[in-house]
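You will see two complexes here that share chain A, one where it goes with chain B and one where it goes with chain C.
And now, the complex of A and B:
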């Protein structure tokens, strides 16, 4: 348990630093053009989420938050990339550009608007927040969630869409560790397990898509579109 | 006790569906019998809950109030009718290695049914979220079952959209915890929260967001149930 005021200040600043980089990686997921780079940025984002959980866990002397950090690191930074590389290695390493609905500068501008919106929405919610960390984590977590949703919408490739969904999950948890720090452990474990199943199911589905349609550019699947 | 049967029966039916038999009718018959039993148990639960007292099987884990029992009744009824419909559907669409694929269909169908039934009876709000998420993941391969390009496309779009929705709902749950209980202990009754009878009365405007996202989830789910056996 940190004793002096300066330690608390340092921990708060460290958390804010992790949050800043977290937001940066969320932008990075939208700005990158290669699939493998997308995965690398996702791993960095998961590590930053874990870092924030560690800092907040130390600050609040909360064992469960420290464990959340550990689980995040193990599942999102190690197991998920390993699963994705194992089942879809060729897809990930293919060096082609991910096609997007909007070009990248336009996407970044829209992302900026989304971040401002996230802050705008968070302010009234923060009225009931328990501590100072929520003021940093809630808006940035919400921004991460919205940017992930945006990335998922504009990407036309299967693997980046899955990574975007997982990064949305990162955003939700980034807010969650600050606003609901004492979530019971079983819930954390179940969510980690669930994320693994998502990755596995989506991986199998991507292989099926590839097998039947011959590509993983899911944006080209338009047979079910209404006229 | 009924609530335990409601969860266990489809799991047993899923295990039995894997049993390799010569004829094609073993798995469908097991599933239909299972869903009939689940429907009877749900009806019984609904009768009990309609008196105003919650039906509690395992305190803090498995419980059902009046609104939850209504959902339970709806899910088990649709589950029963879809199981009957599946008899013809799965046989017709199974293709070359038929019996094996039919068995796989029924295993997935029963597991999907468990996840659907778990949503109204689980007491812990984060476990409810897990169950909602599992309904998606377990039904994806039911959607892609016909194995045509259209079915795969539908499965992909369905999986992506519902996973996205579930993540937004996760955020909603976390906000609900923030609004309901500053310590975030998380043991609130979902259905109680929906009908405005949460253990800790809602205190902030934040409560409205997750309630809406749940309603949307439920409506989406109700819409996708017929999708099971198109």
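And now, the complex of A and C:
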């Protein structure tokens, strides 16, 4: 367990580093044009979430956080991509570009504003929470949540929208592991299975959409009825 | 005092002597990774030697700018060499003259005159390449500024020698998110500034697709040699700033002994070799971006650098 000051400092920096990359992957989900790249970035994001959970778990000597990290890694970095690839493999591997409502530089600038907003929102919140890791994880988790919501809004493809929802969930978790390190394990497990089921249901839904209109570019579904 | 001047001169000589070698190794490795033999790693030296012995042709419609541009392109990296840590971890005689921002501006001056010279001859390809380089340049400028502000804010100084020490004392500083993100965005900046592959293809010979290369098309003889040598040195200096100040402040001479300085040369070259390997892998695994996708690439660099600021500045 953490002994000297320098170990604690190193662990704090490692957690902050995971947080920095987490923020970067959240941007990446908005800036990529290919569906498969989107999924890869999501896997990296989940791995970073797990890394942060491991570091915090080691730092606080909290077994449940270590378990959370393990579950995250198993469910989000392995199972969900596997499920998505299994049910929507052809769509994921198609090389077409995802269209967006805004162009990518504009999207990036808007997401920067969102991140700054997340920081300003979390300042009053942090007044009551324990210090340390929460000061890093809360604003960045909140930013991940907002960026996921933004990506879901502007994307015109079904699969990236699903990935955006899952990344919102990542963001919420990223903040959660620092604010409530002793979250009951049952809640974690429930969330993990929820996410799996969400992915499954959405996969089926997207397959149905694909069957009906021949594409998953849901942005084109503007009319209520087919002409 | 006299020794520090001597060391400074040695530093400049090292940059002048090894800059073409780095370019040669880079070209050779790029060809090797495509399973071709590639030119000798000393090819840039042969090229420069050959150009110096050729006649020079200067268009009679060009002005004095065209004639002095090669000298400015050649001299500006040397000036920057005087300021930055190439071989030593302590400031040398001329290092007081400017900080990192000053170094950046001196390098930009060379690029500015190269652009002017390309427009000067009114060769149709020159101005096209020049305007494209400016486009990349003005998009890279905000990234450079934010990287610079972050670095000097985190380290509390704009002097490269102090910044460099900050990252490793204590070692935990190295893993600071601001540092790693700044490294990433500076890497993207180097790729854009040196015209490497996602932004520009330096080995392409198709004038319409050139970004950086077409600026030097009009030069021949001595002018071409100076432009080429200056370009190599600019690349070398950028790598030195990136590696010695930001990424790996190890392997530099700490003491005043001449032996340490000599030992630092292979160590720095080894670091550069490792980085060149990384650059070759990046260049070989990516495709060149379409011209109007370059803003997206630099936009990503910008966002990375702003993320570095955010994780640091707004930390409570």
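Convention: the second predicted complex is superposed on the first by the 223 of 227 C-alpha atoms of A that agree within 3 Å, B and C clash if a C-alpha of one lies under 4 Å from a C-alpha of the other, contacts with A are read in each partner's own complex, and residues count from 1 in each chain.
Note that in this section a residue touches a chain if its C-beta (ideal position, glycine included) is under 8 Å from a C-beta of that chain, and two chains touch if they have at least 3 such contacts.
These numbers come from a predicted model, not from an experiment.
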Open item on the list: In the overlaid three-chain picture, which partner chain does A:23 touch, first (chain B) or second (chain C), both, or neither?
Closed with: second
- [ ] Considering only touches as defined above, state whether A:221 meets chain B (first), chain C (second), both or neither.
- [x] first
TODO: Tell me which partner A:158 touches in the superposition: chain B (first), chain C (second), both or neither.
DONE: first
TODO: Considering only the touch criterion stated at the top, classify A:149 as touching first (chain B), second (chain C), both, or neither.
DONE: first
Open item on the list: For A:36 in the superposed arrangement: first (chain B), second (chain C), both or neither?
Closed with: neither
Task: Of chain B and chain C, the chain that contacts the larger number of chain A residues - done: B
- [ ] Spell out the residues on chain C that touch chain A in their complex, using ranges where they run on.
- [x] 170-173, 175-178, 180-181, 184, 295-296, 299-300, 302-304, 306-308, 310-311, 314-316
Open item on the list: List the residues on chain B that touch chain A in their complex, please.
Closed with: 124, 126-127, 130, 133-134, 137, 140-141, 144, 147-150, 152-157, 159-160, 163-164, 167-168, 170-171, 174-175, 177-179, 182-186, 203-206
TODO: Write out the stretch or stretches of chain A touching chain C in their complex.
DONE: 6, 9-10, 12-14, 16-17, 19-21, 23-24, 27, 31, 104-105, 108-109, 111-112, 115-116, 119, 123, 126, 135-136, 139-140
- [ ] Using the touch rule from the top, collect the residues of chain A that touch chain B in their complex.
- [x] 124-125, 127-130, 134, 141-142, 145, 148-149, 152, 158, 161, 165, 168-169, 171-172, 175-176, 179-184, 186-187, 190-191, 194, 197-198, 201-202, 205, 208-209, 212-213, 218, 221, 223-224
